[in-house]
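By letter and in written order, the chains are A, B, C and D; residue numbering begins at 1 in each of them.
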Amino acid sequence: MKKDALLSKAISHKNWIKKYADIRNHSVEICRPLEIEDYVVQPVVDVSPPKWHLGHTTWFFETFILQPNCPDYEVFDSQYNFVFNSYYETIGARVIRTDRGNLSRPSVSDVFKYREYVDQKMDEFLQSGSLTESLESLLELGLNHEQQHQELLLTDIKYILGHNPLFPAYKKDHSLQKKKAESPEMIRFSEGIYEIGFEGEGFCFDNELGRHKVYLNDFEICTQMVTNREYLEFIEAGGYQDFRHWHAEGWDWVRQNNVKSPLYWHFVDGKWMNYTLSGLQEIDREEAVCHISFFEASAFASWKGKRLPTEAEWEVASEHFEWGKRWEWTNSAYLAYPGYKKEAGAVGEYNGKFMINQMVLRGASVATPHGHSRNTYRNFFPTQLQWQFTGIRLAQ
Amino acid sequence: MKKDALLSKAISHKNWIKKYADIRNHSVEICRPLEIEDYVVQPVVDVSPPKWHLGHTTWFFETFILQPNCPDYEVFDSQYNFVFNSYYETIGARVIRTDRGNLSRPSVSDVFKYREYVDQKMDEFLQSGSLTESLESLLELGLNHEQQHQELLLTDIKYILGHNPLFPAYKKDHSLQKKKAESPEMIRFSEGIYEIGFEGEGFCFDNELGRHKVYLNDFEICTQMVTNREYLEFIEAGGYQDFRHWHAEGWDWVRQNNVKSPLYWHFVDGKWMNYTLSGLQEIDREEAVCHISFFEASAFASWKGKRLPTEAEWEVASEHFEWGKRWEWTNSAYLAYPGYKKEAGAVGEYNGKFMINQMVLRGASVATPHGHSRNTYRNFFPTQLQWQFTGIRLAQ
Amino acid sequence: MKKDALLSKAISHKNWIKKYADIRNHSVEICRPLEIEDYVVQPVVDVSPPKWHLGHTTWFFETFILQPNCPDYEVFDSQYNFVFNSYYETIGARVIRTDRGNLSRPSVSDVFKYREYVDQKMDEFLQSGSLTESLESLLELGLNHEQQHQELLLTDIKYILGHNPLFPAYKKDHSLQKKKAESPEMIRFSEGIYEIGFEGEGFCFDNELGRHKVYLNDFEICTQMVTNREYLEFIEAGGYQDFRHWHAEGWDWVRQNNVKSPLYWHFVDGKWMNYTLSGLQEIDREEAVCHISFFEASAFASWKGKRLPTEAEWEVASEHFEWGKRWEWTNSAYLAYPGYKKEAGAVGEYNGKFMINQMVLRGASVATPHGHSRNTYRNFFPTQLQWQFTGIRLAQ
Amino acid sequence: MKKDALLSKAISHKNWIKKYADIRNHSVEICRPLEIEDYVVQPVVDVSPPKWHLGHTTWFFETFILQPNCPDYEVFDSQYNFVFNSYYETIGARVIRTDRGNLSRPSVSDVFKYREYVDQKMDEFLQSGSLTESLESLLELGLNHEQQHQELLLTDIKYILGHNPLFPAYKKDHSLQKKKAESPEMIRFSEGIYEIGFEGEGFCFDNELGRHKVYLNDFEICTQMVTNREYLEFIEAGGYQDFRHWHAEGWDWVRQNNVKSPLYWHFVDGKWMNYTLSGLQEIDREEAVCHISFFEASAFASWKGKRLPTEAEWEVASEHFEWGKRWEWTNSAYLAYPGYKKEAGAVGEYNGKFMINQMVLRGASVATPHGHSRNTYRNFFPTQLQWQFTGIRLAQ
């Protein structure tokens, strides 16, 4: 995962206890506005039912911390491993992904009992002072894993409610800290050797290591994200009908799925409406465009006569602009950094095995939990997915 | 649907009020043991979520009785037509069948409110004495429709719970009136002209009309259904591995789906177990085999050197044996009786449009509501489906 | 296949030799206008490459007559069994159907060598006078099997050429004995007991046996087939857009495949054109409509306020009208006649295993070889197929 | 395609005439051993029928050179554009890729007539001295395009013959210049700035431009390709059964397709056999492993505790080892070089639109035409394809 040397040693055990409680509690908070039925469904394969996220993050602590380290620990239910394992081949059979939405049991109430049971045992374990350095590392990984699922929880909840014909709101007055865009500007960087990748204290995922040199050519990058207003111009200029801006695979995707706009946009009575977590609303033209695939980001850039930045350009430039409202598609494939080594065992399955046919996203989004973002973070998704809070920053 | 002349005129308005309440209440009773989550999921396309059944049967009364006949009627929610329409092309857009399990809303509680609202309005309507003869006919159809869905409700609940890795019981002590089989006997019928089809007072579906002559050759039919013991002999004799007993299409189905037994059978630690509504239990060898497809019924009969009866043979012979525990596959395709005419309008979509590529089942099953069976009833399903309570009666 | 008693004993060995040569030669004649490339392709799964038909019919004689009965017979190529077996599970592995069009070898020239080799050996065998009664029966089956494939050959050739963007003609002046329709008339039959099924001397398939009684209600049947003129009226009246005339499954088929006309019809520059074996031509309005699926035949009949005849009605009435230009869809499912028994062994796979989810066609078509039709013949195809020379006769 | 400045100006018109004739003739030579039937089939979507390659390369010269530049030019057949266009959206409708193998016409003989017609017109055009600089550039592109298809021709021919159950040889004595591997050695390179990309005189594709700096870390690369012997060790060590070495997507591919070896390997009677262009032969253990997917190359490297080189590492090191027998999978995604710009018009569709979800292969193979390789060449294929002559070189 990362070297013990990278562990933030300053955080005392007491701090871990509080941090564990805070982060675990935040997952529950995210789900508070839901009806029980909302916890259960899986409208598409990429979305997981909220109760599955709640169970799966709990299963992580049970399986990787409590079971191997607490001799007296009794698993809450021996069948939950089968239900809540996600893709860890090392750890027994698992419910295939498309089946998650078919499972009415364990009930939501049982999943919450499972969380309480494990949280209680974790608290006892942390109180007991048995946290070694390597366990600290694993605990930190588990909490970052939970934060990743907090973002997915919100993303998946939006998908579940936003694909219901009744368009129910998540929270009537939910505001994802919108901020009007300022006027965009291109900042220039000169060619030469730069360094990217994580270094120093604090947590990072293994895919951010190690800090290494890259050679960049002269480039310019925009201080602002592309807005809905600009994206509407692309739509109205026939961007979705002009194959020249699209990758061949992207063009097939557009035609096969009859894509005509970002996800959640609906053309109703001559107006573009947008499903938001507060319900269906008119498009806000000054907001950064959201919920677009890599194919759309790339086609838009091509139409503008520009391009997407590489992840190295983004990281180098990131101190010079504001980021964090949208995951920003880069034109970098998700591949290993020089010297990358997979960890042994189940934890090593975490990142390396996904390093193919996905593109890197940088930054963070309005759905990312507080304290879970840094400018070396490498998010990644397949090129056709729209359901994340994704946007576009142009470069040239 | 059927001629006014066929209406049971003896049932007074008062009786209709009680009958309506009783039948509607029974649907609610069937769902009582469920968790809220169980109402929502749809593990395969043939299964509908319980809350959909509850809403759809309610929608029938709202759409076909209240809306056209009560001038002041206000629909409970105008979007429910979209959600709860099943296959009626006449009545606007509908949620495509595979999507039913993706809908967390309307919530279970809202669906029950919908039922209460419509039941209240129906009660007022019935109390008002506005029931004409043709409306009586439609009301009776709606109640029979609800009873059909009661059977599907139980069937689908079994599928939902029986395909959950935790194998939860529906009711711990649920007994579907098992009865040990007596020793089987072949009864003989001589060739000649017979009559089949519905005649007389009381309700029937349009596909049971009209009473007509058929010519039957000499045949024999068994007084007993095939038992699990006999079916196990077929399995153990390699029945699922011997193409000679199968239709070409059935053999493809066996191989593509790796079918090795009736639905709900599991070979665990050297023993055949059976998921029942009371949970996973050892096979009861004296019980009639259940949850088999037409392909399996036909292959079994071929292996025994016998055949399935035609629906005419079954109906003619039905007074001479007990039936009602399993729907009995016949070797008759589901086609129109001589002189069959579709009704005009949405109600006419009920039966005729399914008269292709399905086989007729006769009798009734342990899941059929009381008072909803007769020996002219024509049930029908595609040849590969196992999820109904289906069984085998042999003929020769 | 059929009882020895049914064998036409009058045909001497000499006659068999000539009959064998004539029928075998006719297959070659059908292929004479083809380019080598035309023998190879398989545009859809239901069509087989012409060279496969030529090899498969040859394989039948090699496998079922020469190999078991000529002790010194050497197979032409031991791998041909794998290539030219169609669906006989008894006789080893076979090339799965969708793969037939991927095989460039054996070359066309090798397939003709195979035919010559087997024909030479068959001639020697027949000359030797070793034809027993049961072998005579098998020989006759093989020749009828070859004739069935002659019809398929022409049907498949039409599909191959008619789905090529160059629309090449099979023969520039190919005439399929068109004959203008006379004015249609309904003939009436009274209810009562009738007999259907094959009886007497001469060949029949096992599915035509045995002669048996049926009870028919009063019915009327038309003396003429439906013409292109009438079918165009259906199209222009919006028949393909009105779900009320279609089976639910047929309606899905229309929408999923965007069906708008019979196969081979093309709306070009405001005119309906028709690909014929002589190339693309304007629709002949007085000709019987051709290349329609069961779904279309049934929807047309419903639109006309009529219905398709049952196979029993058709057979009973068949002496009173001309038939043989189009295979006529009936509303009878393809099921066993009373008392039907499958033969043992590979030959027994011939008919019984297809007796599910197909509809019966009666009569014959312009593509049926001379001497291969009779009014008890039961052809059968799935409900969505258009590629046969199929038409509509109405009843009521 | 590339700057006029990059044109090899030294080649006189005379040389172009000869070069055109030589390269065009080589395509015909490759097809000489084929039967007519072999030109027609398309066993999988990635393979094109040989006659399609012959027509498509001809169509390139007709469409991009003759039509726009010879005022009197008459197209050979106006429907061929529809048949022989590959993926150029700019140039009208095209036969969708899966349909190529369904077309028996134009016949092979017509395709050869088409070639002769266009070659005659091209010769006249070149003789007339009308070749401007930009046309020279286009001509050169057309010839390189033809050479790419020559490689695909051989690759596809191997697939067509190698997937025929008769395993016909392409040429009985075909030798693809096998050469025994020498003992492998790791060569070391120090970290620093290197330059990659095409520069100088002569032809290159647009994706090789422009020459640019990259920063490489210390790395080592092997002088030899991985042999069949080594790959067999991987198989025998259970490499295809151990998920730890595979990308998640690769592991799904292995299981869904039941992959157990490189393409063309068959385990027959306890021995690994290999279909070669000379027929089925025992594995040559000293030969470089061939016909493996990126997933397999990457899994093998992981099993060996090594990795695949990046394309920059490969290019920098390429002068220090022999290459050209196998296309070598790199761990670089196929993306644009810094400053890459698509050409306008149809020619601009050539490379840029494929720059997603494919991996770069470097070098050349035994199937690459003479004179069509250079160490800046960027080949690319999706990660699951095995049908190219691909191999593995390890790095660390």
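Everything that follows uses one rule, which is that a residue touches a chain if its C-beta (ideal position, glycine included) is under 8 Å from a C-beta of that chain, and two chains touch if they have at least 3 such contacts.
Chain-to-protein mapping (UniProt): A, B, C, D = Ergothioneine biosynthesis protein EgtB.
Values in this document were obtained by computation on a predicted structure and should not be read as measured data.
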Which chains lie in contact with each of chain B and chain C? none
How short can a chain-to-chain path be from chain A to chain C, counted in steps between touching chains? 2
Where centres are the averaged C-alpha coordinates, which chain has the largest centre distance to chain A? C
Approximately how many whole Å separate the CA-defined centres of chain B and chain D? 58
Calculate how many whole Å lie between the centre of chain A and the centre of chain D, each centre taken as the average of the chain's C-alpha atoms. 37
So, what's the distance in Å between the C-alpha centres of chain B and chain A? 45
Two-or-more-chain contact residues of chain D, please, as numbers and ranges. none
What's the complete list of touching chain pairs for this entry? A-B, A-D, B-C, C-D
Counting only contacts in the complex, chain C reaches chain B at residues 87, 89, 191, 193, 212-215, 217, 243-244, 246-251, 294, 298, 307, 331-333, 335-336, 338-339, 353-357, 359, 383
Per the contact definition, I'd like the list of chain A residues that touch chain B in the complex. 35-43, 79, 82-83, 95, 99, 101-108, 160-161, 163-166, 168
